[in-house]
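I've put the structures underneath this note.
Look at the two complexes coming up: subunit A is in both, with subunit B in one and subunit C in the other.
After this line comes the complex of A and B, so read on.
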């Protein structure tokens, strides 16, 4: 694999290091609020990678939904529950050793497979967006080709949100 | 306005390796953490790693199309619904048991 050190490549490696660093930071800090904030860093870094890949609409949706909604929702949940919660210091119990070994093993296997596979180099003249800008192209594909899944996923969303409201409301059965 | 967004030849292997490492970090977090919120966050991390892979693959293949990006949008929607239901369950459990630790949720253990 021959690396070309141009601007986007350097940007990609810096962003990737930032994302992995934020993910490791999430697992190493002990206060739950800091964990929720560092996962925001992971989400923003992933959005930057989407922009580098030319998927601007997905990047903006990622920032709107993940950073804007999910992180804030998690902070609300932390505030509403035990907001002084701290993780106990990491201990090498049997379960944790098993989880660590399993994760490292899976990472090694995945990286070995990725390394041993010859990935096709993407052609330079690929026109994913078919002449439109990325949001227009995604809208056209979404409503022409994927109209039915789009309606179904809206159904999933409304069922999920109504279910969340019903689950989270106060029970009245003990009065 | 640039109609065709610039295409940077980032090697596919690097992107997939990033996704794989993020997935494994999320897996480790979901398996070892004790706070229920952090377990949910780790699951979101794994979903995000899958999204990076989907967007990466959307430009490869015999006929590259936007299918990967559209699929990752669907994944983001499902992740939003999942986290809403998960946090609502967390609130309900916290009201019942005054705790958000995974170890305190063994009511149905026999």
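After this line comes the complex of A and C, so read on.
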């Protein structure tokens, strides 16, 4: 393993520490509102990592959708329903022990897979966005190369939207 | 890495270096000072201007023509006791004003104040960055209202979040028309594109109107100031706040006034371009016109009702912005 201590590497470790900190915070706080907020912290950290990788558009979309909309919807749901909800203090039950063992095993397997994979190393002089700005590059790829999958994804979203409306609709026959 | 003194101010175009980093810090501090100054005199101008509209004199006691009135008010807020009521959710109550203010300041980082964008970023995703980051403020407002443990605070926070969330959609859609015409999200390039042709306020007049209305709602200003409706909610989400935490919420509101004015000037009025005068002055004039327009609205319009508010956003503004977008696309494809 070769470490290079340059700016992006240091930034990566700081951001990763922040993301992990927010994730651990999410697991350790007992109030539901705090949990929703710590998830927001994880989302912002992920956006920072995208910026570090040069994917500005994805980063901003991440903030716009996850931090700006999804976290707020979660907060809305929490505040309008059981807004004083707290989790009971942690106890070592059989289920928790099983979950802990499972997560450790999962981590070991993931680490083994990651370490055993030969990652392709990109030559440093290749410009990822091919000279365009990041959103232009994404647009070109999306509408030239992946136009069909892109349309299919929008179909999935439409189905989800219509499904939600049908589920939320008042059932007339019940009255 | 070659480095010269000129890199200190043109850090955006060069790899990161220590002097460039110092330049960035100085730039950020300067933008902060500028924002504070503008906020201070926006509040003064608001009181003076509305005073004139209502046939009053307005502040005239502190300093010549009352020019130091806001300074005195800010000093009063800063030295006030920091009251934290007993029933509040302490952690959230303390950090909510910070959540609200930080994005407000962050969005200033992409506004091109002058032709030589010394202190602001030449970001390829500029407009989107503004829309995305300004959404974080909703957290601050909402948590401030919730953590106060006060019914008016909660209702105000909820209203505010619902309003800002739903008006963000037509706001974004009205911006897309401009982005489509300019062919870029970069604010500096949008200004340059307008310099070649004409200001986008003329071809994008529908988008401009939607932008102004949605922007006013996004800033919670009259006639969309339901979150703070004094006559029914006392003060809305910041009802329990006092001292400098209250000042932070006020600061957020007025920094957004500056930022939204800057965004409007950049997107629709050609930013810093204009004949004869220097660029920064043109920019200042356009932003000043926007701010004055907001105060004029405030003195003129009554408040909307909550049920009118939501349906207006989704049933009027959004279809209008969509239609504008489609027409812009068709015209661009044909011409």
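In this text, the second predicted complex is superposed on the first by the 161 of 175 C-alpha atoms of A that agree within 3 Å, B and C clash if a C-alpha of one lies under 4 Å from a C-alpha of the other, contacts with A are read in each partner's own complex, and residues count from 1 in each chain.
Throughout what follows, contacts are C-beta pairs under 8 Å (C-beta built on N, C-alpha and C of every residue); 3 or more make two chains touch, one makes a residue touch a chain.
Just so we're clear, the structure is a prediction, and the values are computed from it rather than from any experiment.
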Subunit C versus subunit B on the shared subunit A, clash or fit after superposition: fit
Which of subunit B and subunit C A:74 touches, first, second, both or neither: first
Subunit B versus subunit C as contact partner of A:63, first or second or both or neither: second
Partner chain in contact with A:103 - subunit B first, subunit C second, else both or neither: first
Partner chain in contact with A:40 - subunit B first, subunit C second, else both or neither: second
Most subunit A residues touched (candidates subunit B, subunit C): B
First, second, both or neither for A:16, with subunit B first and subunit C second: first
Partner chain(s) touched by A:134 [first = subunit B, second = subunit C, both, neither]: both
Which of subunit B and subunit C A:157 touches, first, second, both or neither: first
Minimal inter-chain CA distance - subunit C and subunit B, angstrom: 6
Subunit C-contacting residues of subunit A that also contact subunit B: 56-57, 61, 69, 76, 80, 133-134
Subunit A residues within the subunit B interface of the complex: 1, 3-4, 8-9, 12-13, 16, 19-20, 23-24, 26-27, 32, 35-36, 39, 42-43, 46, 49-50, 52-58, 61-62, 65-66, 69-70, 73-74, 76-78, 80-82, 85, 87-88, 90, 95-96, 99-100, 102-104, 106-107, 110-111, 114-115, 117, 119-124, 126-129, 131-134, 137-138, 141-142, 146, 149, 153, 156-157, 159-161, 163-165, 167-168, 170-171
Touching residues on subunit C, where the partner in the complex is subunit A: 16, 89, 91-92, 123-125, 128-129, 131-133, 135-136, 138-139, 142-143, 146, 154, 157-158, 161-162, 165, 168, 184-186
Subunit A - residues contacting subunit C, complex: 7, 31, 33-34, 37, 40, 56-57, 60-61, 63-64, 67-69, 71-72, 75-76, 79-80, 83, 133-136
Contact footprint of subunit A on subunit B as seen in their complex: 1-18, 20-29, 31-35, 37-38, 40-41, 44-45, 48, 51-52, 55-56, 58-61, 64-67, 69-70, 72-74, 76-85, 87-92, 94-95, 99-100
